[in-house]
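Same chain, two partners: chain A is paired with chain B first, then with chain C.
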Partner chain A sequence: MDITRFHATFFEESRENIAAMEAGLLALESGGGGEDTIHVVFRAAHSIKGGSATFGFTAIADLTHLLETLLEEARSGRRQLDANAIGALLGSVDALRMLLAAAEHGDALDQAMLQQARAALDRILTGAADAKAAAPVQAAPAAAAPEAKPIGWKIDFAPERSLFLSGNDPLRMLRELGQLGELKVACRDDALPPFTELDPFEAWLAWDLELVGEIKRSAIEDTFAWVEDQCSLSIEPLMPAASAAAPAAVASAAPVAAAPPAPAPAPVSASAPAPAVAPAAANAAETTPVARHDAVETTIRVAVDKVDALINLVGELVITQAMLAQRSAELDPSLHELLLSGLDQLDRNTRDLQEAVMSVRMLPVDFAFSRFPRMVRDIATRLGKKVNLRTSGEATELDKGVIEKIVDPLVHLVRNAIDHGLETTEQRIAAGKPEAGTVSLSAVHQGGHIIIEVGDDGRGLDRDRILAKAVERGIPLPENPTDSQIWDLVFAPGFSTAEALTDLSGRGVGMDVVRKNISALGGQVEIRSRKGDGTTVSIRLPLTMAILDGMTVSVGGEVFILPLNMVIESLQPSLENIKTVAGNARVLRVREDYLPLLDLAVQYGLPAARTDSQPIAVVVESQGQRLALEVDELLGQQQVVVKNLERNYRRIPGVAGATILGDGRVALIVDAGSLPKAA
Partner chain B sequence: MSAQLLIVDDSTSMRQMVAFALTTGGYAVTEAEDGIAALDVAKTQRFDLVITDVNMPRMDGIELIRQLRSLPSYKFTPLLMLTTESGSDKKSEGKAAGATGWLVKPFDPEQLLATVRKVLG
Partner chain C sequence: MSTPAATKSPATALPVNAATAGEFLTFTLGSEEYGVDILKVQEIRGYDTVTRLPDAPDYIKGVINLRGTIVPVIDMRLKFRLEAKYDALTVMIVLNVADRVVGMVVDSVSDVVQLGPEQIRSMPEVGTGIDRRYLTGIGALDERMLILLDIEGLMTSTDMGLVVDEAAAKAA
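And now, the complex of A and B:
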């Protein structure tokens, strides 16, 4: 039987178990989590051990065995898990991850790491106050010592009366012995009470058995293993008839045996009717077919490919539906009432279906958050800071694709918060703050968006120093900048070199990259900070990337989509507000600001279709920069299904993707951030 | 009608493997992910054999066996525990709760099937 088919499940499950162990150990370390937590960690280790042993991953099984031994001692109260022990356990969690990756992807095995993890566990196990702790690998029960050539075995088997009540049945054992060799059965019914007093639920019969053949004693012991504490059992070697003693003993012990022994199974089954038949009969009576889908499985694992295919198909359906809606608008309602009401229904069903399918891809944001406790611990230890991590809103759901892409920016922000945001312990004490800093991670839904925030209660951004840095780097500054305009400066690429900042109280290491990644997801980043009070970075993301609310505009006879989350306003500027500056660059005056003005028709190389001289401008914000886009006409708003252009064609600057409109035409989705700035 | 088996394990891969092995052997298999789920399904459907993991959240295997054994319809049903070699004290605990016997992890599918065949006769 090929059991490799279960490996994928085992790997995935083990990853979850490793994560559970890690989270539990961290909770134990920080003093949170009580007895339950130890049980959870133990169960996770135990599960990995059972699976890895069954599926043949011995290295994993060996290590988890050590882990389990230590955890079992903690679970049964024989050992307190001190920082040292938790450190060792966490080390072996890392080693398990490594082993798992090696087993799954054939990654190189890091022997040094494995040895280190094992050694650390060994030290703790053997360092136990009571010497019994060690013995990590139990020897298999030794086979019985070789005996002097018997021809078989003489077995005396007398079950206790309660034997049936454990679901055991002597018949099974006799049958099993019969398969080992030639079996002679003699039943002893001397204990049997008179029929009127007989309780058929009790076992009254005993057996004298002779099993002839070259059979290992352990095989016989195995047969009775489940009932060894529920019977009296003796197993003695049966010597050849020539060595007189044994047969004589048989005869004297079992006078009944003088009667010709009937073929083995018959008397046995006849003598033990009650237990063998009762359950079976009850069973037959109740085997009205009960639907098997009562089964308790409440989740299934599905390949992402299949879900993606489903989403794609629903996307097509949405487009078809939009096409039908558009066509049907031209029909006379009085003539096509039924058709139109059917189309309305289709509209609703499509929307519901779309929502339901999208929700399949939704995962709780804990998927991303769960890695942080460990990371925060490690960074804090390395920097010698005390840090508490608070998370909230872990259950908030978000598209899997978005979650995967948000992890790196979050890692960056959390690392920054600890490294740059939080003061040293001494500085905190001096400032009258609690010794341990707090880093918080939170997620909440807001409309069709999710807001993820990374906050700290550290020193906060220093306005003056950021301003000074900006001047030094020649970054243009507005007059009398507001706080948020200043915080925005840390997203400037110029601020992203580490050594320029280690000594600056703000953050900024790679913040431009963070903003770029989040913009690519259609999200926005914002910083709130107060000197001495801490900093919060707020990320606003759409729930999914597959569907987008867009503003449809017409440019040069084509339709373009502007993602609604980047649109700020649209206006019809008077010509005197449009100025041409150095070169051919044009700017648009919007109230106090001058924004770069780009003509989309020129950007995309389309003929100018506009006849009137009244342009329409849409102000958009992308990556913290505002600009105005000149379009011919505003058409409306609609949800569009985003099709990836890169995957199907290639990357084009200024285009984020494409969609198919209701009338079947393709419309490009504008990516304002990557539009060439100089037209 | 083939024998109805109930497999209880919180590990999906283990459950899948056991279920697969037993289905291949011609048995009808129902799965449950912990003791509470198992008890629920065992009350609505008769099983000829229950194989349960010991360590599980919500309700472990030993408590499940104790509860099943107290139900009239499971008085004589074979109830097997899946244990690991380090669970020797668990074996006696399980026996005391009414377990018929145990299967030792790790096991291979053939071995499992052979044991089940013996138990079901």
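And now, the complex of A and C:
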């Protein structure tokens, strides 16, 4: 059997486990996590160790083994994870990530990093002896609880029949137990069917085991950790005959009957000979956001291009359906009643199908948000600031393609918020604010859009300084600018390179790039800020890039689509509102503003089909700039499936893509941002 | 890893004027008869209405919807500066070249012929409307003279305007 074909799954799972470890450790560090969180982290480390050992990635297995040892001590209450320990753990999480990348892509190993991570863990582990002595509080209750020490453990292990199917082998577990101490094994074969009915792929045997020796209960639990939810398991202390009935022992001997529905709480209560951890565990229940880990959904991994092919096909179906609807509109309703009602139903079903298929690509925003706790911690540490990260709306779903592309702008905004938005600790105290700044990340649905906001409670933007900077850079300013017009200035490309702007709350650095990236996704950015109160950058994105709401317009005999999210208004200007500048460039007066007026027919080199003197202008906003587009006719609004034009053709300035109309013809989608300004 | 480069390099590495023997789809442009490698041909269709593209030379007629794919259409007659008329019989050859789908309008499609190496002559030195690199040879078939085209090279050349020169695009 070629084991390498399971590698992809192992890497994928390990990445998830590493992410879980990181999130758990960060929660522990911020005091949010409790006993449960340690368990989650431990379990994740354990899975990685098991997997890497199976596949022969010894470097990963070795490091996780160290990690696990440390976590085990924390789990059993023998060690408090202090900032130092968590730092070391996080460091080794990074090293794990590096090792995993090395194993997966053959990247170069960063030996220094690995050594450092190992050394940090070793230091903490070898310091354990001192730590134990220094913290008798911890050790005392554990020793005090059961009067009579168990001389061993009585284990009742009955696997479910499907045990083998998950690749587990009882023999391996029994061997492992045998290494812990003296093992007495009695096999129960009463469930074994007659030989003719025996399916060798099913597990029929059960075992009564007695393990004698001074062994940690957790060591036994670890042995069964992989099969916990696939067997009935009870581990009871084996008492010396004299004091068998000690009540304390009974209490601590809660059987770990880990039936599939309730795996989580069992280990906590089971590992509780030390009463000290009980309040901590209760505490954890209300503070840790572990609930979503429990909700196990069954999923399948599918290649993205398969999903895209499906979306394309459904797009085709939608077009065909629209075509049928158009053709059938001419039919006499009384004569073709059945046909028409059938077409109505087809319409509904098609829309439902389209929605369902589109939702396949949807992922929770958490996919993007989950990297920020770590990033915020690192940046804050580096800058010596105290920062709390608050996230909300992680479950809000967004197209995978959009999520992947939104990460970079978000990283930029969060970094900006910490670096430039938040004041130093001293400044915050002086301003009467809490010592630790807050950066918030939120996502909410709003109609067909999602709004992602990055906010801070820092110093806010300084109106006067931005104005001064804009004047200095020669950026045109509106008369009596409103706040939002001023905040808009930081998106101007001229602001991006200015190093000196860093102390001007630094919002200018690269903000033009942020806006450009978000525009490319069909989104918009907006800043809200109050001096002294902080700044919020609000990003409005379409739920998916594959479908957009469009305004259909006719220009020079062709149909074009204007993405609705950039259309502000359409109007029929009178001729005296159209002026020329320097002879040929035209501007349109819309109320008090003069906007550049572009004739789309001229822009696209199409014959001017317009004969009447009353043009129609559509005011659009793109990349923070407003302009008016002259069109022949407004046709209507419709949702269109965005098709890639560059698949078979080159990029065209001023065209964002193409779509297929109800009649099967191709229509181009206008990209106002890249229209050549000089016609 | 880099499949596009890998598939492309053999085409460019071919020596000039080296049409290999095989099956060719023949079509006419004015009074001339041309042949292209049958393996590059996806299908043959009638000429539909196209959606015009801005900023395109006249021989790029526009794009059509080919079962959900947006496909650019080139009129070879205009490219070769011949007279172009469109009627119910106008034919479009849909080509599959360098991972792209391109439509090519011609006067008419004749047939598919088999040419052996002995039937292929090298291209004489004549000045033509298109780069001689893409004229790979002359096929002699009884009294017929077939001008053999490196259609993949021609369609993906920058002077065709279907693709942007990647080096130039990067510099821009």
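Note that in this section the second predicted complex is superposed on the first by the 507 of 679 C-alpha atoms of A that agree within 3 Å, B and C clash if a C-alpha of one lies under 4 Å from a C-alpha of the other, contacts with A are read in each partner's own complex, and residues count from 1 in each chain.
Quick note on the criterion: contacts are C-beta pairs under 8 Å (C-beta built on N, C-alpha and C of every residue); 3 or more make two chains touch, one makes a residue touch a chain.
Please read all numbers here as calculations on a predicted model, not as lab measurements.
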{"item": "First (chain B), second (chain C), both or neither touched by A:Arg123", "value": "neither"}
{"item": "Chain B versus chain C as contact partner of A:Arg650, first or second or both or neither", "value": "second"}
{"item": "Which superposed partner A:His46 touches (first chain B, second chain C, both, neither)", "value": "first"}
{"item": "Touching partner for A:Tyr604 - first (chain B), second (chain C), both, neither", "value": "second"}
{"item": "More chain A residues in contact [chain B versus chain C]", "value": "B"}
{"item": "First (chain B), second (chain C), both or neither touched by A:Thr54", "value": "first"}
{"item": "Touching partner for A:Thr69 - first (chain B), second (chain C), both, neither", "value": "first"}
{"item": "Touching partner for A:Arg382 - first (chain B), second (chain C), both, neither", "value": "neither"}
{"item": "Partner chain(s) touched by A:Val666 [first = chain B, second = chain C, both, neither]", "value": "second"}
{"item": "For the chain C and chain A complex, residues of the former touching the latter", "value": "49-56, 62-65, 67-72, 100-102, 161-164"}
{"item": "Partner chain A, residues of chain B touching it in the complex", "value": "1, 4, 10-14, 16-17, 20-21, 24, 28, 30-33, 37-38, 40-41, 44-46, 48, 53, 55-57, 69, 73, 75-79, 82, 84-86, 92, 95, 98-102, 105-110, 118-119, 121"}
{"item": "Chain A residues touching chain C - in the complex, by the definition given at the top", "value": "312-313, 315-316, 319, 558, 603-606, 643-645, 647-655, 658, 660, 664-668"}
{"item": "Of chain A, residues touching chain B in the complex", "value": "1, 3, 5-7, 9-10, 13, 40, 42-43, 46-47, 49-51, 53-55, 61, 65, 68-69, 72, 138, 164-169, 171-172, 175-176, 201, 225-227, 229-230, 275-276, 278-279, 282-283, 286-287, 289-290, 292, 294-297, 301"}
